[in-house]
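After this come two complexes, each holding chain A, first together with chain B and then together with chain C.
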Partner chain A sequence: MNKIANFFKHPKIFVITIIWMMVLVVLGTIEQKHFGLFAVQERYFSSWVIWFSLFPMPGGRLTLIIMLINLSFFFFNKSIWKLKKLGIVVLHFGGILLLVGGGLTAMFSSEGNMVIEEGDKSNHIEDYHYMELAIINTSAVDFDEFTIFDQPLLIKNNILTHENLNFEIEILNYLENCELDKRTSSPAIQYKGMLKNFMLKELKPEKEDNWNRPGIIYKISNSGTSTDGMYGIFLGQPVVQTISVNDNNYTIVLRRKRTYLPFSIGLIDFKKILHPGTDIPKSYSSDIILTENRAVRKILIQMNKPLRHKGYTFFQSSFIEGPDGETTVLAVVKNYGRLFPYISSIIMCVGLLFHMFQKLPGLFRKSREKIAV
Partner chain B sequence: MKFYSLIFLFILSICAILLPRDFDHRDIPIHENGRIKPLDTFVKNQLLLIYGKRSIKQNALPGELNSEGLSALDWFFDIALHPDEGDKYRIFNISNPEVVASLGLDWDPEHLYNQTEVLTGLKNQIHYITTIQRKPEAELTQFDTQMLKVYSNAIQYQTLSYSLSCLLPSIQIHNETIAQSLSVNPGDKLSYYQLMRKANKLSPLMERLINRDKNKWSESDYELQHVMGVLNEIDQDKFARILKIIPSESGKQNEEWQSPWELMESRMIGPNQEKLLLTLESFLKFRIDNDSIKSDSLLAEYEKLLSLQFKGLINLDNVKLETWKNKANLFYKSIAFYILAFLLLVISWMTTPRLLRRISFACLLGGLTFHFYGILLRIIIMQRPPVSTLYESIIFVGLIGVICASLLEYNRKDGMGIFIGAIVGGVLHFVGLGYANDGDTLGMLVAVLNSNFWLATHVTTITIGYGASLFAGLLGHIYLLQLIRIPFDKKYLNTVNANLFGATLFALFFTLFGTILGGIWADQSWGRFWGWDPKENGALLIVMWQIMMLHLRITGLVKPMGFALGMVLNNIVVILAWFGVNLLNVGLHSYGFAAGIAINISLFTIFELITGFGSYFWAKNRQKQLTAY
Partner chain C sequence: MAIKVFFSILLLIIVQSCGQENHVRTYRLPKPEKSSQKQKVETPTSGFSWEKPENWIPSAGSNMRLASFDVPFSDAKGDLSLIKLSGTGGDLESNINRWRGQLGLASQSLSEMKKNITTKEGKLGKYQLIKLFNNQSNSAFLCAIMPVGSQTLFVKLSGGLTGIQESETDFISFCSSIDFLE
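And now, the complex of A and B:
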């Protein structure tokens, strides 16, 4: 046991991991210029292993976990349990808490956007990066039946089936970024819907992941009707695809992955104030109403003044100015590790201050013994 | 120490005595870029844009003027009130020989040209200019950008020089009939604004003029036609709307102020605005007549109007304070003191160490006082914490460096603190001056930065961290140098090493908590504690570097010499995090101005690498030699 502890607590491990972490941070910062934040984050910071062509190296997540283990074994040092080292012990404890909080955030936090037009309301968050394919059965009079396929299922050659659906969908191609191209020649017989007049042309993915317009080319089969055929769909399609199979009507939408909330938010008014005579914004704010179980509250969300409710936090993030009025974009975050940085920074602050007050006078007093150069 | 604190108090009290003073023409408040500032600041920045300096040197003025130079404000009044004279000043600074040649100008070794020359040149090139104006920025050559800059400067100049033309007495009435109907004396000069106010009195005469056959026109008809012509001519100046000096009648904070020409155009002049315009009109009249007594009394009235009728809109004391700050040039004085401190210190090494070192320390503290006072004034004027732009961070980091160095000197009393302080303060002041030449250094902040609480905590803490880190880096340099100079004096070296270790701890405290506080701000404003944004990563790198060096040192993996080298290299990390990330042009923090920085950063990096490693290996070599004996 002692041997293992001795190995894990070795300060060399800490030095090596921190140096490797610095390398990752440098690479991850410089590469942002070319690959955008999301891609870089996935490659360097949220990864377990990074492949530098053929060489596997530990990714940010693995490196930080090794650092965390090393730090935890620090407390097995007998020599640190003295009053003189109290500050150091407290400081390292704070450091561990900070890393743990970071881990919790990385594993369990979720974030997205809530986009609301003036006069409208919304009860769901849209993910920044992931899509979903929603198939909505609109045949019933008083309800719609939703069947949702998540992003991991939307890969080439995957066949989507579900008991709700009396047909199969085969993903023929998933395009990360695409644009519409008008068909010049007459379409082949199997093309249906939008594909009769247009083609989906694949584009190079944008630097920032959320500038992409993903699209899917899919095939409907086994419906036993003339609905069978090849279809295309893309994010933000203005005319939605509807099909009907045996008296059932379906709407098919590719949209950003949604998370529904137990309450809804309506936008009364969005305000943007500029510093007079300039284009520099002074403040943004959204006047909203929060409705939950028929209880209605009026709230103002401002830059630097978010709304916190039921573990979710709503921030004024952006806005869209349109001809019919304004649309607010709220960033929504649910983060279980939120309080860790607050607590750990206080602990570390206390520890470091304690240590400095113990040490600093000595470090500077010594110098008085020697005066002339 | 009493001696030093006395000096400090003395300088502070002098500054306090200088402050209360009368309102003068420099203090006329103007609204520009979202901020109310004195006219003095405004015209200084305009002149800086066109001429490259904040006041005019003798060589730009015509010889017959016999003047030793001209302040920006006098220049402005010259071009606005006496354009015939003012247009002769050679204030267009064009250094590109290609541009000079294509404007048909003769090459001037001082790169200076006057308005008339430049305008003629531009008129000949107007076709080319309109073509390149339509091009996207990326396709422009250096020549094109410079040409466009000259063009926009010329327009800016025109706008400035016509901005008051509606208030100038430029229409002379000779004819008695017209004078009578306007109730003025024949021979009086009226301004556009005056004439417009009395326009209805002229309408019967105008009607007669229109209905009468031209052959039967009387003398007064001809004069009326002439007056109308002049009026029309002045009316062409209405594009000159840059001088927004009249507050909105409503007195609301968020409403834009208006320029005289905008008011002329809108014809919606409130009673208080009218009073201001009338006072300004008479002030300009007396200024043209060089009647300083009357113009001064009108300025006093102007001040009274502003402070009574537009109460709550303007803090005139702050405006005056800014004018004073412009004139005082506190940072220049601070530089002078730092340089003096450095020189005295060097001399003290050669001659009488004790006395000269004390005087030198006093100079450093004097420089520090000016430095501190300059920053304090900016805080008072802008009503916000000291650091919110890159420029301010440079000045503030300098201040922190000098404070750290002064504390070190107070403890050691051997000149080391003076040495470090003078270098940190002086060099950063020079870097700051480079940034100040981009224009107004007191800009408004975008919404997310507009939070005094977080600016005061996160930004101030992290910049203190930068300052302390640079201080530690310089201590590292000194340790390595002394290791070469006096390798056998172990006791002395140990004290320096202890100081270095302490400074690193001190720096780490501020960089670490500055970074964490930044995360907390981000959590409060954007909902995430950490986003791997370049600036965040930069700050993280400094923290990690310092943590690494401390662990290497504590565990004995590196010796004091290696630790000193590590802290020297920390300077590079600090500079890259501070300025370098702006070069990437991505992320939420890229607020700085990047062009031209790349070269300076590389030069600094190379310098630190060479001096750091050079002195490290030299010192190592010396130690080997010593142990060999």
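And now, the complex of A and C:
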């Protein structure tokens, strides 16, 4: 254990990890032009290991964990617990806090957007990157029952089952990007639903992943009814797939991953202010109503003046202009670690100031001695 | 000892962050409000206005039609027509048997037809809703007959069995929204 401790607390570890992070930043910046921001972030910064051909190298997550261990081991040195080392201790503590905040953000934060037309309201956020397959039992009179399978489960040959469902879904193919093509002849296989007249044609994925239109070809089986068969579904399908199994009616939808909020936001009016004499937008704002437990509050969300409520922050991101009115697009973030960068930066500044004021008298003394000599 | 505790906590955090999330979730939500389905108000030159669902696509139709739409179903598309005839446009029994003939179904008497006829209320007053299904040929009609003063409006949606069942609510909303153009 002492050997491990001695290895991890060596200052060289910090230098190596810092240099390696710089290399990752440069590589990520260059590759982002070709593969898009999200793909590069996942490969270089959110990963534990990066494979360069056959060679594994530490990913951003592993590198920062090693850096955190190295900084933490600093505190196991008995020699640092002295008043004259106070500045260094505080500085290290600030650095650790910054990394801990980053860890909280990586593990627990979520972001997405909320798109609301004028006069309409919404109570959910849609993820920018991840999809979900929603099986909605609409049989009950006053509620819909949702069974959601997240994107990691939507892989070829995976079988989806749940006690809520009296059938199985086998994923035959997950297409990262696809388009709908009309069939010119009758298919050889007895398809059901949309696939009877259309097929999903796989396309090359776009650079930015949120430009893709994912699709799934799947098989329903073990329902014990004529519902069994092969179906297709894609993101944004205008007519949803409905099936009926043993007096239960289901709707099957492939959609962006949703997080439902304990409140709703309705858009009363979206305003766009242009720079005088131009068509260039100067600022946007959304007049909204926040409804929570029947309490209603009117709020204005502007650029640089977001709404913060129940841990969520709603930013005015953009808008869509349509013939029937305007639609606001709010960027929504939930980040438990959002205050850590501010707190840690202040602590590190305090640490540096402490260290500077501790060292200054000594520096002045040496300078006077040199002059005297 | 402190080092061991530190490593244990760190290992726990790493394992937690690597661990498989629960990728299957279930929840219940109240039914969505009907009004959340956007309806477009149309005011064509026919003298009538109506509200149709956004996913109905206007189609060419024929000169006889006041309006014509392609109605997307989950497995195909249907054809909706709205026509206006002078007077009653024929009695109920003959109109329904004409449609039955178009579906390849045998004629019926009015008393036999009654189980497929319901009365609905719209902006133009009461109208008859008729459902006709041919299970063998997988074809069906949803029809509405609306007396409007000295004229009669006929609305007909044709398609497959599944599509007609999927579109019944939208069809009724459309028919009920037809009104005089002010």
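Rule of thumb we're sticking to: the second predicted complex is superposed on the first by the 328 of 373 C-alpha atoms of A that agree within 3 Å, B and C clash if a C-alpha of one lies under 4 Å from a C-alpha of the other, contacts with A are read in each partner's own complex, and residues count from 1 in each chain.
Here is the rule we use: a contact is a pair of C-beta atoms (placed from the backbone, for glycine too) under 8 Å apart; a residue touches a chain by one contact, two chains touch by 3 or more.
Given the structure is predicted, the values throughout are model-derived calculations rather than measurements.
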Request  = Check whether A:Met107 is in contact with chain B, with chain C, with both or with neither, and answer first, second, both or neither.
outcome  = second
Note to self: Per the contact definition in the header, classify A:Leu363: touching chain B only (first), chain C only (second), both, or neither.
What the structure shows: first
Partner touching more residues of chain A, chain B vs chain C, is chain B
Just checking: does A:Asp247 make contact with chain B only, chain C only, both, or neither of them? Give me first, second, both or neither.
neither
Would you sort A:Ile19 into first (chain B), second (chain C), both or neither based on which partner it touches? first
Item to complete: Give one of first, second, both or neither to describe whether A:Glu321 is in contact with chain B, with chain C, with both, or with none.
Response: neither
One more residue to check, A:Tyr260. First (chain B), second (chain C), both or neither? second
By the touch definition at the top of the document, which applies to A:Thr278: first (chain B), second (chain C), both, or neither? first
- [ ] Identify the partner contact of A:Thr313: answer first if only chain B is touched, second if only chain C is, both if each is, neither if none is.
- [x] first
Footprint intersection on chain A (chain B / chain C) at none
Given the complex, residues on chain B that touch chain A span 31-35, 244, 254-257, 349, 353, 408, 411-416, 444-448, 450-451, 454, 491-492, 494-496, 498-499, 501-502, 505-506, 508-509, 512-513, 516-517, 519-520, 523-534, 537-538, 540-541, 544-545, 547-548, 551-552, 554-555, 557, 581, 584-587
Within the complex, chain A is touched by chain C residues 2-4, 6-7, 10, 13-14, 16-18, 21, 23-32, 36, 38, 40, 55, 72-76, 166
Seen from chain A, its contact residues with chain C in the complex are 1, 4-5, 48, 65, 68-69, 72-73, 76, 103, 106-107, 117, 120, 138, 141-150, 152-153, 162, 164, 192-194, 196-197, 238-242, 260, 324
Per the touch rule above, chain A residues touching chain B in the complex are 11-12, 14-15, 18-19, 21-22, 25-26, 28-30, 32-33, 37, 40-41, 45, 98, 101-102, 105, 109, 111, 273-278, 280-284, 303-304, 306, 313, 315, 317, 331-333, 335, 337-338, 341-342, 345, 348-349, 352-353, 355-356, 359-360, 362-373
